[in-house]
Each structure stands twice: as C-alpha cells, then as structure tokens.
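Per-chain numbering from 1; labels A, B, C and D assigned in written order.
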Amino acid sequence: MNLSVQLPGLSLKNPIMPASGCFGFGREYSEFYDLNVLGAVMMKAATGEARLGNPTPRVAETSAGMLNAIGLQNPGAEKIVQTEVPFLRQFNIPIIANVAGSSIEEYERVVTVLNRSDDIAAIELNISCPNVKEGGIQFGIDPQMAATVTERVKAISNVPVYVKLSPNVTSIVAMAQAIERAGADGLTMINTLTGMQINLQSRKPVIANKTGGLSGRAIKPIAIRMIYEVRQHVDLPIIGMGGIERAEDVLEFLYAGADAVAVGTANFQNPLVCPEIIEQLPNVLKRYGFSSVKEATGVAHR
Amino acid sequence: MKKRHMMTVIANDEVALETFELVLHNKVIAKEAKPGQFLHISVPGHTLRRPISIADVEREKGEVTILFKVVGSGTNQLATLQEKETVDVLGPNGSSYPFDSLQKGDTVLLIGGGIGVPPLYFLAKTLYEKEVNVQCILGFQSKEYVFYEEQFVQIADVQIVTDDGSYGAKGLVTDVIAEVAPFKQYYSCGPLPMLRAVKEKLANRDGYLSFEERMGCGVGACYACVIPTNDAVGYKKICSDGPVMRASEVNI
Amino acid sequence: MNLSVQLPGLSLKNPIMPASGCFGFGREYSEFYDLNVLGAVMMKAATGEARLGNPTPRVAETSAGMLNAIGLQNPGAEKIVQTEVPFLRQFNIPIIANVAGSSIEEYERVVTVLNRSDDIAAIELNISCPNVKEGGIQFGIDPQMAATVTERVKAISNVPVYVKLSPNVTSIVAMAQAIERAGADGLTMINTLTGMQINLQSRKPVIANKTGGLSGRAIKPIAIRMIYEVRQHVDLPIIGMGGIERAEDVLEFLYAGADAVAVGTANFQNPLVCPEIIEQLPNVLKRYGFSSVKEATGVAHR
Amino acid sequence: MKKRHMMTVIANDEVALETFELVLHNKVIAKEAKPGQFLHISVPGHTLRRPISIADVEREKGEVTILFKVVGSGTNQLATLQEKETVDVLGPNGSSYPFDSLQKGDTVLLIGGGIGVPPLYFLAKTLYEKEVNVQCILGFQSKEYVFYEEQFVQIADVQIVTDDGSYGAKGLVTDVIAEVAPFKQYYSCGPLPMLRAVKEKLANRDGYLSFEERMGCGVGACYACVIPTNDAVGYKKICSDGPVMRASEVNI
C-alpha cells in the first residue's frame, strides 16, 4: 500500500500529521511514540515575540467537540528556532512551522527568523486564529487582506507557504481563490469555528476570552463541505483537518479533496491517535478498494 | 514510552454526599504514582479527559484509589462505574509534593479544601510511613461532605472545619492555621481562593500548592492550563510542570 | 414561576416552541401531546407554489447532529392557509409562519397570501435556507439583500416580521444590523450550517443535494456565540435555536440574550421534548436563582 | 395519545452472519403491531432513531421480534444489547400490508430480499393464520446470510435464491418469479433496485411494496423520507404514508 504523498516542500511517507496547537513542539507526544512514524509535524503557532496568551480557563468541552482560546501562547519565533526545531530535527519528518501575527510586519518578521533554519520544510500561514483580538482575525476573513499577507510572506519565505483557512466566512471559495492568486503553494483547512459556552452557575462565558474556537468531531461535516467546495474551484494542494479521529475519517477527507490531513483535538483523548490511524490506514484504503492514498484523493468529485 | 493504561474497577462507593471513592487496579500506575500526581481519565462520549488526583495506592496489590465529587456529566458518569468495568487513563501525570528534605520527626502542615483533600491523604500516608508528624486542616462545605476523616486520624492530627459549622469548627481552613503546632513545611490543595488565602496567611513559610485548571491534553502540549509564575518565562503548565508548585513561584 | 414572554405579535405563555421544518404543521406531534402546552408553533416553510423539494436521501446523521436538505418541500402558501392553519388554530397558541422564496416577488406573494388569514401571529422570514439553489441563500448572506427583502416584506405584512439568520456568514452582527435598520420586528437564529458527509462505500455525498444543513447539539456553541454577539449590537428581540435538548440549554440561550427559543432536531429523538422542557424549565430557573424567564434573559452580558 | 415506549430485551441472538434477532417485551406494541409496520428505535449517543421492521409478535406474551443486519454504528450498538436492558422506541409506525380482501384458500406471493425479509415473516404468519396459501421467494447475498428459513417453511412454500448460488438457486428473486403458482396478490420488501425489478416484472399484477429511506422524525413531520407518487400531490412519506405502498401508486 502506497501511503506516500508529495506536496510542495513536503515529501510525506504518509498523509497523517498532528495539527498545529494540538501537539506543542512534539516533546510531550514523543514520550508516547517515536515521532518518526508521522507523515510530518505542524508546530504550534510562532509569533514575532513571546506571547503569554489569554487568561484561563482556555478550554471548554462541548458536544462532540471543544472550545479553545489559548491566544497563541508561544516562546516567540527566535526561541522556537533555537530550541524547538533542533529537538524536532532528530526525527526524520518534515517540520511545518505555523506562523501567526497581528500585523503583516509581524508575519514577515517571523518568516525572516524561520528562514534562518534549514530544518523547516514549509510554512503554515495562520491567518485564521479566532482568538487573537489585535487584528489577526481580519486577515482570515477578508479575501483582499488574505491575499496581501500571502503575497508578502511568499516574497520572502525560503520554503513553500500553505495558508490556513478560517471557516468563519461567508465564502470559503472566495478566500481560497484570492489566496491561490496571491501565489500560495497550498491550503490547510479548516481552523476552528468561533463559539461560546456559558456557565449556568457563574452566568459568564466559561472561557475567559468569552469566545473560543470549536474543534473536534462536531465540525467534521463543515470541514468536509468546505474542502469539497474549495477542491472544485482551486488547484492548490489541501491539507485537511477538522474532527479527524479514525482512519475512516481520513478517507472521507481524501474523498472530499484533501491531499493529506492533520489531526488536532483527537490527540487529547488519545495521545496515540496519529500512529494508530497510520497503522489502520492501509487496511481501510484496501477495504474501500484503493491501492494508494493518491487514488482516494478527490474521488467524491468523479 | 508512556502509554494509555486500562484500569479495572475494584470498587466504587459513595463515601460522602456526592463524593465517590473509586478503587482501580493497575500495577504500573500503582507502582509509579507519587503523592500530588493525577490520573487523566477518559469518560466515554466526552471529548476531554478528566483530571483526578491520586488519593491512595496499595503498591503491592496494584490498587489506586481516587476520590471525586460529582459536579458535572463526566464525574456523574464515573459515579456509575461498576466492579470489573475498565477505565482508560493517562498517568500518573504531573509533579508531586516534594518531601525528600524531610526527616523522621519533622512536623508538616497539610491544608485541604473539599475535593482538594484526596491528594493530601496519599501525601499524609507517605509521610507517616517516613515517620514525619502530619497535622491536617481539612475544610468541607458541611457535615455531609466530610470524607476520609477516619483514615486521616489514624496517621495524622486532624482538624476539620466546615463552612456552616455543621461539623468541626465553623469557618475557613485559614481561620485555624494559627492554632497548629510549629511545622517545617506546608502542603495545600483546594479551590483557588483557598490557595490564595493560604499562601497569603503563610507568606513567609515554605510550602507547596496544588492547582486545578481546565485541561485539554493533560500532558503539556496544548497550553490550556497555564498559571502565571514569577520567573522569566512567566508561566508554568499545571498538567506537566504542576499540579504541585512551590507557593513562592506562582503568581496567583 | 413566570414563564411568560411578550414579543412583538407574540404573547407567549412560555418561551418554548418547535422550530420550523422540524414539526411539520403540528399534526404528527399533536398525536403525542396537546399542543396547547407550547409557547408557540413555527410552521414549516411556505413558498409561493407547492414544492416537491430535493431528491432523497435528504438527511444524514453526524456526530451530535444531523444534516438535512429537504429543499423546502411544502404544499404552497395557499394550501397552508386553507388546510394547515385551520388545524393549528384549534390550539390556543400563536402561529408563526415561516416564509421562503427564490425571489423577492415570491416572498411578497407568500406574505400576501398569509395576510388573508387572521390566525397567523407573526412571520418568520426564512432568508437562510441553505438548501435552495435558486438564489434563496443569497438573501441570507448579503446584508444589503437581506435588508431589501426585509423592507419589502415589512411593507406589506399584516403581522410582525422576524427574520431568520443564517450562520454561514463572516459577520452575523452586520447581517443583524442591516435587518434591524430595515425595520424587522425581531430575529430568529440560527439556521443550519452548511455541511457534507461522504459515504465511503458509494464514494458520493450521502445527501442527494450533496450539501445539507448541520443542526443539533454540535452547533450549540456557534448559536450561543452568535446570539451573544448580536445581543451586544442589536436591540431586536431574538428567538434562539440550535441544538436545544434540555431546559438547561434553554437557560444558556436566555443568558446569551435570547428572549425565547425554538427546538428543532431534538423533536426527532424525542417527540415529547418540548413539553418535557416546558415542565422542567421552572425548576431549572429556580435552581439557578431566577423567578421568571425575563430575569434570566441576557444575564451573561451583565 | 402516542407515546415513547420502553421495551425490555428478552433475547438477542445472531441468527445469521451479521444478522441479529432481537426479542423485545412490550404489551401495547405487541397488541397493536400490524405486518409491515416498523419500530423507530433510539440508540444512545445517536441523533437519529433507527427504523426496523417488526418481524414477528406474540400478542399474548407481549413479545415483539425484530431482525436486523449490522451495517453501521447504530445497528452495531443494537447488536450488543443484553437481556433485561431497555430500548426506547416509537411505534408501531407506518402503514401495513393490506390483506382484508383475501379469503381462506387464496394464494399470494411474498418476495423478500436480504434485510427486507423480516416484515414478510410477520405477514406470512398472519396470512397463514387466515388460511391463505403463502408462497415466498427469499433472496440473500450468500448462504451465511440466510435466516428464518425454518420458520418460513412451516407456514409457506419457500424458494430461496442467493446472489452467488451458495444456497438455493443462484440468481435474483425476479429470476424465479415465473416458476411460482398462480397468485392473487403479491407483497415485497427489499432494496430499491429489487423492488423496481419486481414491480416491472409484475407490472400488470396487484401488489404492495415496502420501502426504505433515511429518516429524520419517523412520524411524518420532517419530509426526509418522501417517495414520488403518481397522484396529484406527487409524493408520499415512507414513514407515515408508507413504508408499505401499492406498487401502482409509486413512481420509482
């Protein structure tokens, strides 16, 4: 069974990788399994400077999902390149750096720092984090601004740039098309849907930031729909995510048009979810009549 | 490598109002667990695991006891667990109460509030075995919520307080701190306002606090559970750096 | 315990009503209980002419939710006024007519027909059905078009007009504000989120229409967030919906800013869900310290 | 008034590959059920109920039997039901196979495919009690999937066909229709392609078909389950107007 997938900058031995923000910089999960089994790894968001993120509580559980408002807490791009990338380099897997910021200049600053490392295979441009108030969200919901930040980052990045789409938009296709025209190498989708939970006792939102991003199984139908729609109008490769828990889910994402997938929230319930999916994927592909990942990609469009 | 552990239910009993004592079997966890650490427990049908402190272990028998209060749908479901059913847990997770510096004959103070009491029992028992003198102040809402008093009195000096005075002294744990014998170190676990009050009351003393926060991963990867600290980094993660922290290092 | 709520055109003895499309015209559920216990009833969408709707399958189950693409099947406004309204009139509850269409003219035509009945208490303007392809969806995602159809319908309707918001938009507040300015009497929210499920065996979307609207518990955090946001910027009364299953859920919607609520998908699992919620609501209100529904409304904003 | 019924599991056995026979107790349903009707079954953790035909009733004992094939997560969960557990159902729902026009001594043809066979057993038994002669053609994928043959042969003439010829004749149910004795009416249940073929083959005969479709409410309120008809309205609802429809009225 051929699980390999070739994408711009990413030679994946299988299409499974942990999603950004749900896997830190890999250290914790490397205590559960050898990260070498992964197709790639998506690091937690990097910003220009260290950020302390939002006040707590930062997470809440919902039906078949969860809300989070971490607020991009991270040690800053410099520190990540100095201490986290070297840790991940020991594994023989492509490292994808998730880049966030509050201004185009900050995005550029982060990419400039990341450029200094030879160990980053691709950039995931996070224009869609709904939990940062300073304006980061604006990039993700306006096609023109998304295009501008994509162009500026593309102009300086040493490695291919994947842009991460927010589902909190009226037209996901318009966003994807603007980003394609701006020269992106790929798309990753979807980020979380903005939601809220209110505690009946305290009478306040559970999450200190009030709103948080909804992830997990609950959002899978929305992710599938958006990937399906984008695949019909855009030629860029897509790394799909949103509620994946099992190898069968991976297949559904491939059918919809994803070339590879990322697993986020499911890591919390099962730290071994990625290696388990990788192990089961060949059987599931075979059961449904495929002899490679590539064969299953986009079949729902045929 | 760390792994997911399956634990088998040995017993599950309501030991006080809405409070359950769940005894689980797993040799690895029983062997490795240290006082202050927690289990991160999967509850079928729920996205997130539930962190629950380890309240006791019988290392030989491979038994691990936890005590939990039913406060929502996860703990409600845990309360229905029957003998022989299995529970999927990560653990033992997090930091533990340090006590290597204590000598036989030293005296310590343990201050627990409500559902913060369980990890202190494991600590008290461990210190008792080291022949450290343990004094406990245990606070509960009211009489019906008091648990493990008998267990504690066998190994420690115990003072119980309740919010409404229906059992022991009426008041807060901090109200009676002044009355205890001299101690070398203190250890506390309970709701944040209590920990704040304890830290303030014992500002010039060396002590350890154990914190609660809503968790995602429970292993240090998602940054859901941070707590501000006084060091250069500015935060620690309760699930992996904690739940036990030196009182002086946290900024609460 | 005072459960009553007064809204434009609607004197509700309690804030619970079945949501449009999940209750037909009440006949089926009237075999399970006396509809008199309800606060009101929202009828299935009415269009200018009878519609046969989409091909089947029309529903799919998802994690904590479902997808539907019924496609506005209904016997047409005339028939509804002639045969369905008279049936519902026997109960002493306000009847809310859900109005759909593919053009402004069709909306007007439906309202003109409804005007002939004295038994309709309010109109719910369904500009947000994601399953009609002819353009109906356009009204729900563009503030200007939403305002136009609202104005035109307001101009002719004999009864107050509530506009039903689609969650498939970048800014729910912009939509609500445009509709408020256009003279609507109230808002109902949220309609379903567009989603898709793909059958691994057939390699095709499960729903014949390909996409369907996601409803049920999965979407509750999104509904709560949107109601909370709209409540901060708009003064219109809100009838909230999206994943309500229990009296506790009702309280969360009230906290977020809803004045009343509707229950949709939950009727399918439990035909008695509405009367059960109505029965439990006083206890739940009391448990959290309220002596009326009104008191709980909007408390998360205080 | 209609209500939700709780049914108690009496037995749950695998009677053929992936095929379970679930016997449930509930007096009201056992009394009211008519052949062709279905139960709309709640499966914990699932948004939608599962429609399953009634395969048999013992009216005196208050027992209702259903037969289902494990095809997904709902039926998978139903397969794990144990004696004494309870199941939440709506029903009996929908229309039934009409047979009032039949007299003692009349002959009918029943054509069932796979998991469409169960409601025909209830019908066959009912007609047998009316002393109507029942001929059955029952189609299955292969030998391992054949169920209820013994039950049928006691009350009817039975011909079994399998797709692969591993049991009975090889072929489709429609391949053997020509061989049956003259009959007054036919009744069929099975996958849509089979029903289409049956309707075509017996185009000039009076018959009833029972349909499957994905359902929402299961009671006629949501319009999920419509089927095109030849009348002025243009559709009927499978859950409430159906599942049994006269072959001539549907447009399939």
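Keep this in mind: a contact is a pair of C-beta atoms (placed from the backbone, for glycine too) under 8 Å apart; a residue touches a chain by one contact, two chains touch by 3 or more.
Only a predicted model underlies this, so the values are computations on that prediction, with no experimental measurement involved.
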| Fewest touch steps from subunit A to subunit D? | 2
| request: Starting from the mean Cα coordinates of subunit A and subunit B, work out the distance between those two points in Å. | output: 36
| Quick one: subunit B and subunit C, Cα centre-to-centre, how many Å? | 47
| query | In whole angstrom, what separates the CA-based centres of subunit B and subunit D? | reply | 57
| said: Two or more other chains touching the same residue: where does that happen in subunit C? | reply: 62, 64-65, 217
| said: Counting only residues that touch at least two other chains, what does the list for subunit B look like? | reply: none
| Which of line, ring, star, complete and other names the graph you get from chains that touch? | line
| field | Complete list of chain pairs which touch one another | value | A-B, A-C, C-D
| query | Which residues of subunit A touch subunit C in their complex? | reply | 62-65, 67, 141, 168-171, 193-198, 200-201, 203-205, 210-211, 214, 217-222, 224-225, 228, 243, 248, 251-252, 255-256, 288, 299-300, 302
| Contact residues on subunit C for subunit D in the complex? | 21-24, 27-29, 31-33, 44, 50, 52-53, 56-62, 64-66, 68, 70, 73, 75, 206, 216-217, 265, 267-272
| In their shared complex, at which residues does subunit D touch subunit C? | 1-4, 42, 46-49, 90, 213-228, 233-235, 240
